[in-house]
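Take a look at these structures.
Shared between the two complexes below is chain A, which has chain B as its partner in the first and chain C in the second.
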Partner chain A sequence: MRRGGKDGVSDRPDPDAVPETPEEASATGTLAARFALRQRSGGLIVPVLTALVAFLLGGLIVLATGHNPLLAYRDIFNGAGLNWIFHPTTSMVSTASYNLSQTLLQTTTLILTGLAVAFAFRCGMFNIGGQGQYFVGLYVANWVGVSLPHLATFPHIVLGIGAAILAGAVWAGIAGSLKAYVGAHEVITTIMLNWIAIWIGTYFFGDGGPLQNSQNATVPISNDVAASAKLPVFWGIQALQGLDVGFFIALAALVVFWALLNRTTLGYEVRAVGFNPEAAAYGGISVKKNLIRAMAISGAFAGLAGGLDMLGYLYHFATSDIPVSNIGFLGIAVALLGRNTAVGTGIAALLFGALLFGTTHGLSSNVIQPELAGNLTYMIQGLVVLFVGADVLILYVWNTRRRLRVRGVTA
Partner chain B sequence: MRIPRWTAVIAVVTICVAAAALGTAGSSNAKPTASTTVALVSDIGKFTDHGFNQNQLAGLTRAKAKLGINTISLQSNSASDYSPNFNSAIRKGAKLVIAAGFLLAGTEATYAKQFPNVHFAITDYTVHTSPFSNKKGKVLYNNVEGLTYQANESGCLVGVLAAKMAHKMGGDTIGAVGGVKIPPVDIWIAGYKFCAQKAVPGTKVLIQYSQDFVATDKCKTVATNEISQGAKVLFQVAGGCGLGTLQAADDAGIWGIGVDVDQYKLAKRVLTSGVKRVDNGVFAVAQQEQQGQFKGGTDLNFDLKNGGMGIGKISPSCPPAFIKLMNSYKAKIIAGTLKVPSALK
Partner chain C sequence: MSTFALDNPVWNRLRDPRTAGIAGIVLGVVACFVALPPITARSPLYPVLVGIAAAILGLSAALRGLRRLGWGAFAAGLIGIVLGVLATRSSEGNLSIVFTASLIASMFVFSTPLVFGSMAGIFSERSGVVNIGLEGMMLMGAFWGVYGADKGKSWAVGILVAMLAGGLLALVHAYFAIHLRADQIVGGTAVNFLALGITGYFFFQLYNGQDIPIGVSTIPDVHLPYIRHWKYIGPAIGSLNLLVWVSFALVIVTWFVLFKTPIGLRIRACGEHPRAADTVGINVYAIRYGCVVLSGMLAALGGAYLSIGFGGGAYTDNMTAGRGFIALAAMIFGNWRPFGAFGAALLFGFSTALAYRLPAYSGSAATLFQALPYVLTLIAVAGVVGRTVPPAADGKPYKKQ
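Entry: the complex of A and B
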C-alpha cells in the first residue's frame, strides 16, 4: 500500500496513536468521522428530544402567526394518514389509507437517500451528493423504462432498478475516487456532481433532448415508462399513485445496510476507516479502496431511490421538477436524526415522510392558507434539521465538559 | 452520556398522549356541499410566484366571492404532490378541478380517465394534443376543457413599445429572457419580436433562456449578458425567475418588461407588462361549471378581443406617441387585419 499524505492519511502512522476509546479515536479522524461518532454516542434520548423540541418551537411559530398549533399538528398528523391506525370513522378510512400510502411513498425514498448519507458517514465521509445520485438513478431508470418497451415485466424491472443502482454508484464513486487518489474533499465534489446531474437532466428532458416526450414534443417532460417497467402496486390504484413494492425494497435495504456494516469484512473495514483512517491503515486496511467502496455503496442507495421513484410512481419527469426536488438533501437530515444506523434511519424517514406529506396535504385551507402552508412545511423541516444539528453541538459541549472534568481529576 | 431515566419516561408518555389526542380530536369536519365546488391545483411554481399560479388563485378567490361557489386550492411542492392533490380535490367533492399548467397535464389525463363524472380544466394547454388527444388528434376525454391564451397578441404590444423606446435611447437592440424554450414561453417572444421589428425595422432582438422559472439569479445572469450585448429593453418571460431580469434592467438603467401579471411595482424601471389574464380563465370556467355550461373536449380561447390578454401599467416615461402607435396595433389585431405569429421561426 503506497499512498501520499494528501488526504491527511500518512503511510506509517505512529503506533502510539492507536486509540483506546472511541472518543479519542474520533479526535484524530476526519471532521465527518468525529461528527458521526459523537452522534451515535448520544443514544436514543437525544434524537427524540431533538424532534420534540423542534415540534414545540414549530408550534410556537404557528401560534405567533395567529393559528392554533394543536389544530395544525392534528391536521398534519391526519394529513399524513397516521390516523389510519385509529380508524376514527368509516368515512375517513379511505382518505386516511390513501394519505398513509403517500406518506410511505415518501418514506421509501427517504429511507434510501438517508442510507446514502449514513453509509458514507460510517466511513468518515459526508456525502452531500445524495440528490445528484438520486437524479442519475431517476434518469437511467426512465431511459431503461421508456426505451425497452417489449421486455417482459420482471426482467424489465430488474434491469431498470439495476441500472439505477449502478448509475448512482458510479456517480458517487467519482467523488470517492477523487478523494482517494487526489485528495479532493467529498463535500466539494459531491456538491459539484449534484449540479452536473441537474444540468444533465435539464438537457435530457428539455426541448430536443434525448429523453423528451415523443408524443407532444412541445413540453419539456419525459415519456412515461412502459407498463412492463412499472413496479406492482400493492396498496391503492396504480393510476392514482398507489404504494408500490418499492417500499419493501427500501425496508430490505435497511437490513442490507445493517448486515453489510456489522456482519461483513467490508463493513468492518469501512467502519475502521471511519473511526480512524490512520489506525486502519496501520492494521493493513486499504484506506483508498474503502473510501471508493463506501462512496459507491452510498451512491447505490441513492440511485436505487431514484430508480424506485421513477418505476414506482412518477413514471415521467419534467425539467421544472428537477430544481424543486430536495428529497436527496432531506436524506442528510434523516441520517443525522437516525444516528446513521439502520433502525434510526428507518424511523427518521417515517417522521420526515409524514411531515413532508402531512404539511403539504393535511393543513386544511380553512386553518392555514395554502400559500402559507407550503412555507410552514419548510419551516418545520428546517427547525428539525436545525435542532438535529444543534444536538451535535450540545453533545460536543457535554463531552468537552466531561473530558475537562476527567482531566481535572487526573491532574 | 447519562440522562436520567425519567426523561425517557416523560418523552414516551408525551408522544403516546399526543398521538392519541391528535388521532381522536375533531374527526368530523365533513360539511354538506350545497353549491358547486371548484378546485385549483398549482404547479411547482406555487401560489407565491407573483404571477402564473398566484394569478389563477386570485381568479378562484374572485369566483368564490362573486359566484358564491365553494373553492379548494391545493399547492404542489414537488412532482410527487400532483396526484395526491387531484385525489384530495375529488375526495373533497370538487365538481371541477383546474390544473395550473402543462406540468399537470399527464396527471390530469389519468384522473379524467379514472373519474369520468368529474370535470377538469387546464390552463395554458389545448385539449387537441397529447395526453388529451390521440395521435390522430381525436379528443379522448369529454370531461376536460383547455384554457388557451393568445399571448403573442400581448407580446406584440409590448414589443412595439420596446422597439420604440430602444430606438429613442439610440440602441435598436432589445432582448427577451425566457425561462425554458417551450411554446407557452415562445408564443410571447414570437409576438414581441414580430411587432418590434415591424414598428422599428432593423431592430435586433436577442433571445436567451435561463432554464429556470424560479431562481432569480439565473435570469439576472442571462439578462446581464444581453445588456452587455447592447439591449436597451428586456422582456422577461420566466415567471418568478424573471424578477432577476427586471432587477438587472434596474441596475443597468435600461427598461424591463414584466410578464403574466402587472409587474409595474416589482422594480423601478418597468416599462410595462404583458398581461395574461389566467385569473379570467379560472373565473370563466368556474362560472361555466356553476351554470351547467361546462364544455368538455373543447378549448376556451382568450385574446385581446375578449379581454383575456392585455398589458399592464405603462411607465410615465413612455412618450404618448408610442402608446398611440401601440393602440393602433391593438385595434388592428382585434379587427383581425394584423396576424401575429404564435411560434418562433
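Entry: the complex of A and C
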C-alpha cells in the first residue's frame, strides 16, 4: 500500500528510501516533514490506536468515579444519533434521526476548522488560531446577514459566506505575514489574534456595540440574520436547528482541500515549503509568499466555518456564546487525528462531531450526566492530541511494522 | 552638529539619542497622567505641552538613527496628548472613581497570577521546553487548590494539593516533550484540553458543578502595620494577599537563580545549546524535567491564587479564562527575562484593572481595553519596538547520543 501513489507528481521522497534514520528526521525535520513521516509510518494503525487508547483512558476515569464506562459510551453513541443506521429514517419524530442531524451539524464546522489546521500544517505551520478566524468569519457573516435585508436570497448568501471567508483569510493572513516578514512565531501570533477576536466580539455584541440587537439595548446579543441570508435546510425544520446545506459545502471543501494541495502548483509549492523551506527557496519557490498564502487559505477555511454556522443555524450570537465556543480548538484534534489529509479530517470530524453532540445536548442517560460526559470529550480530545504528537510512539509502531514486513518477506 | 558646544555631562547625556528616546516615552506617559489624580490638571494645555515635548524628543532620537525607540516615543507623545486631553474633558468625579490608589492595589491583584504564570514559563522555556500548557496547569491549580483547602480545612493544604496537581500535569507534558520527543506545542495544547476536561469532570463529580461550601479556608491578606494608614501608599499596598508578596519574591528568586547561580547557568545552557551542555556533563533530561515540573507547580500557584486567594474560595468552570495565555504573552513581552516579564505582567494587570473601572465612561472602551495585552504582545513579537528573542533551543526536542 502506497499512500503517495495518488499524489501524482509526488514531491515526497520514496517512503522506503529516506527514513532509514527516522530518529534523525524526527529530531531535525520541519513540522510538515515530521507529520509526513507519521503519515507513512503507521498506515491506519496509529490514528485508530490513538483513538482507542484515548477512549480507554477516558473510560478508566469514568470507571474510577463510579460509572459504568461501557454503558456510558453506549449512551453517548445513541446520543450522537449513530444508532440511526440501525433504523434509518428522515422523520424528525425519531430521536436518532434528530440527533444524527445535529451531529452532522457539528461535523460540518469541525471539517472546516480541521481543514484550517491541516492546511497550515502542510506548510509547516501550526495554526492554533482557528478559533479566532472562526469568530471573525461569524461576526462578518452576522453583519452582512443583518445589514442587507433587501437582498435576494442567493446573492445574500454568497455575499455573506464570501465575506466570512475573506475575514478569516485576512485574520490568519496577519499571522502569516508576521511570520514571513519578521519571523514572528505563528503559534504566538495566532493565540494573540484569538483573544483579540474574542474581545472584539464582546465589544461588537455587547452593550452599545455596533452589532448589538436593535430591540433591547440591555441584552448583549445580535440581531437575527435576515431570512434571505439563511441557508436552506434539507433535514429537519429550520426553527428547530435542522441540518442545512452547509454540510455539503463542507464536504466540497474537503475535495477542494485535496485538489488544492495535490493537483495545483500552489499546493505543490505550499507542501515544498512545508517539507524544507531552504530547499524550496533553492528551487525558486518564494517561501514568504507561500507562508502568507498557506496561512490565508487556512484562515479562509475557518472563516467559512464561522460563516456557515451563522447563516446555517445560529442566525444570531451573544457575548455569552463567545467563551463557551471552542470548536476552533477542536479542529486541532480533528486535523491531527485525521493526519492532515482530506479523508482523515472528514472521518475525524465525524468522530468528534458525534462526541461533541452525543456527550452534551443529545445525551439522555442514567449512567452519566451530560456535564460529566461533556468534559469527557475534552479529556479524550486532549489524549488524542497528546498521543498523536508523540514521535517516539509513532516510531515504535513504524519499526514494529517494518520488522513484521521484513519477517513476512523472509518467511 | 549642535551649536551648544558645552562640555557638561548632563547635556552630553541628553544628546545621546537613546536617552532622548526613553525620556520621550516617559514624557508621553506623563502627558497622560498630569490630567489624572492626584495632579488632575484641568487645562488641556498641560498634556499637549508635555506630549509635544515627548514627540520632539522621539523625533530627534528617530532622526539620529534609533528608529524603533524614537518612533515609539513619538507615538507615546501623541497617544499621551489624546488620552490626556480626553481626561481633561471628563468630569472630575469620574476621574476620581477610576484613578484611585486602590487602582494600584487591583493592578497587583490582577497581575499576580500573570507573574506566577510568566515565571513558570520562563523556567520551562529557558530550559528549552515550550510551555503552551500554562493555562491548563494554572486551571489545575485553581480547582485542586480549592479542593485541598476544602477537604484539608487549610489553605496551606490547598496550596500543596494545587502544586501537586500542576506538577503532575507538567510531568505529563515533560514526559511527552522530553522522552517521547513530541512536538511541544502540540503537547502543550493537549495538556490544556486535558486540564479543562479533568477539572470540569471532577468539579461536577465532587461538587455537582457549583456547590463549593462557603467558608473554605483562604490565603490570608497581609495587613502591614502603620503603612496601611498612609495616604495613597496605604490603600495601594497596605493589605495585599500573601501570594502577591510571594510573587514579588519569586521574581527576584527567579532572576537570582537563573542568572547568578551555577544551576541557572545549566538551565540556560540546556535552553540555548543542549548538545554542548550534554558534552560538559550536564544532564539535559534531568534539568528539563525539573524545570517543566517546577513550571507546572508555579503556574498552579497562580491558579490557586485565583480560587483560594483573591477569589475567596470560589471556583467556576474554566476559571483561568485565558490568564495562562496572558502570562505566556507577558513572558514573551518581557523577552524571557524575569524583570521584563514582571513589568509586562504589571502592565497587563493594570490594563485589566483599568478595564474594570472604565465602564464609568463607556462599556465598550472597557471591553477593548481587555484586548490590550494581546495587541501589545502582537506588536512586540512583530518587532516594531525592540525584538523578542527566545532561547535558541526552545521547543526543540533533544536526543541523547
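To be clear about the criterion, the second predicted complex is superposed on the first by the 333 of 411 C-alpha atoms of A that agree within 3 Å, B and C clash if a C-alpha of one lies under 4 Å from a C-alpha of the other, contacts with A are read in each partner's own complex, and residues count from 1 in each chain.
Assume a contact is a pair of C-beta atoms (placed from the backbone, for glycine too) under 8 Å apart; a residue touches a chain by one contact, two chains touch by 3 or more.
In this text the structure is predicted, and so the values were computed from the model without any measurement.
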- Check whether A:Phe257 is in contact with chain B, with chain C, with both or with neither, and answer first, second, both or neither. neither
- Where does A:Arg74 make contact in the superposed view: on chain B (first), on chain C (second), on both, or on neither? first
- Query: Of the partners chain B and chain C, which touch A:Ala333 in the superposed model: first, second, both, neither?
  - Reply: second
- Query: Is A:Ile196 in contact with chain B, with chain C, with both, or with neither (first, second, both, neither)?
  - Reply: second
- Message: I want to verify the contact counts: of chain B and chain C, which reaches more residues of chain A?
- Response: B
- Item | First, second, both or neither for A:Phe86, with chain B first and chain C second | first
- Query: In the superposed view, which residues of chain A touch chain B and also chain C?
  - Reply: 202, 206-207, 323, 371, 374-375, 377
- Of all residues in chain A, those that touch chain C in their complex: 23, 26-27, 31, 34, 61, 65, 126, 128, 178, 182, 184-185, 187-189, 191-193, 195-196, 198-200, 202-203, 206-209, 323, 329, 332-333, 336, 369, 371-372, 374-386, 388-393
- Item | Contact footprint of chain A on chain B as seen in their complex | 1, 3, 7-8, 11, 14-15, 18-19, 21-30, 42-48, 54, 57, 72-75, 77-81, 83-85, 87-88, 91, 102-103, 105-106, 110-111, 113-114, 129-131, 135, 180-183, 211-215
- Can you list the residues on chain A that touch chain B in the complex? 41-46, 48-49, 52, 70-71, 73-74, 77-78, 82-83, 85-86, 88-89, 91-92, 94-95, 98-99, 102, 105-106, 202, 206-207, 213, 215-216, 218-221, 224, 237, 239-241, 309, 313-314, 316-321, 323-327, 357, 360-361, 364-365, 370-371, 373-375, 377, 395, 398-399, 402
- Note on the structure: Given the complex, residues on chain C that touch chain A span 132, 172, 176, 179-183, 185-187, 189-198, 200-202, 204-205, 209, 318, 321-322, 325-326, 328-329, 332, 362-364, 367-368, 370-371, 374-375, 377-378, 381-383, 390, 396-399
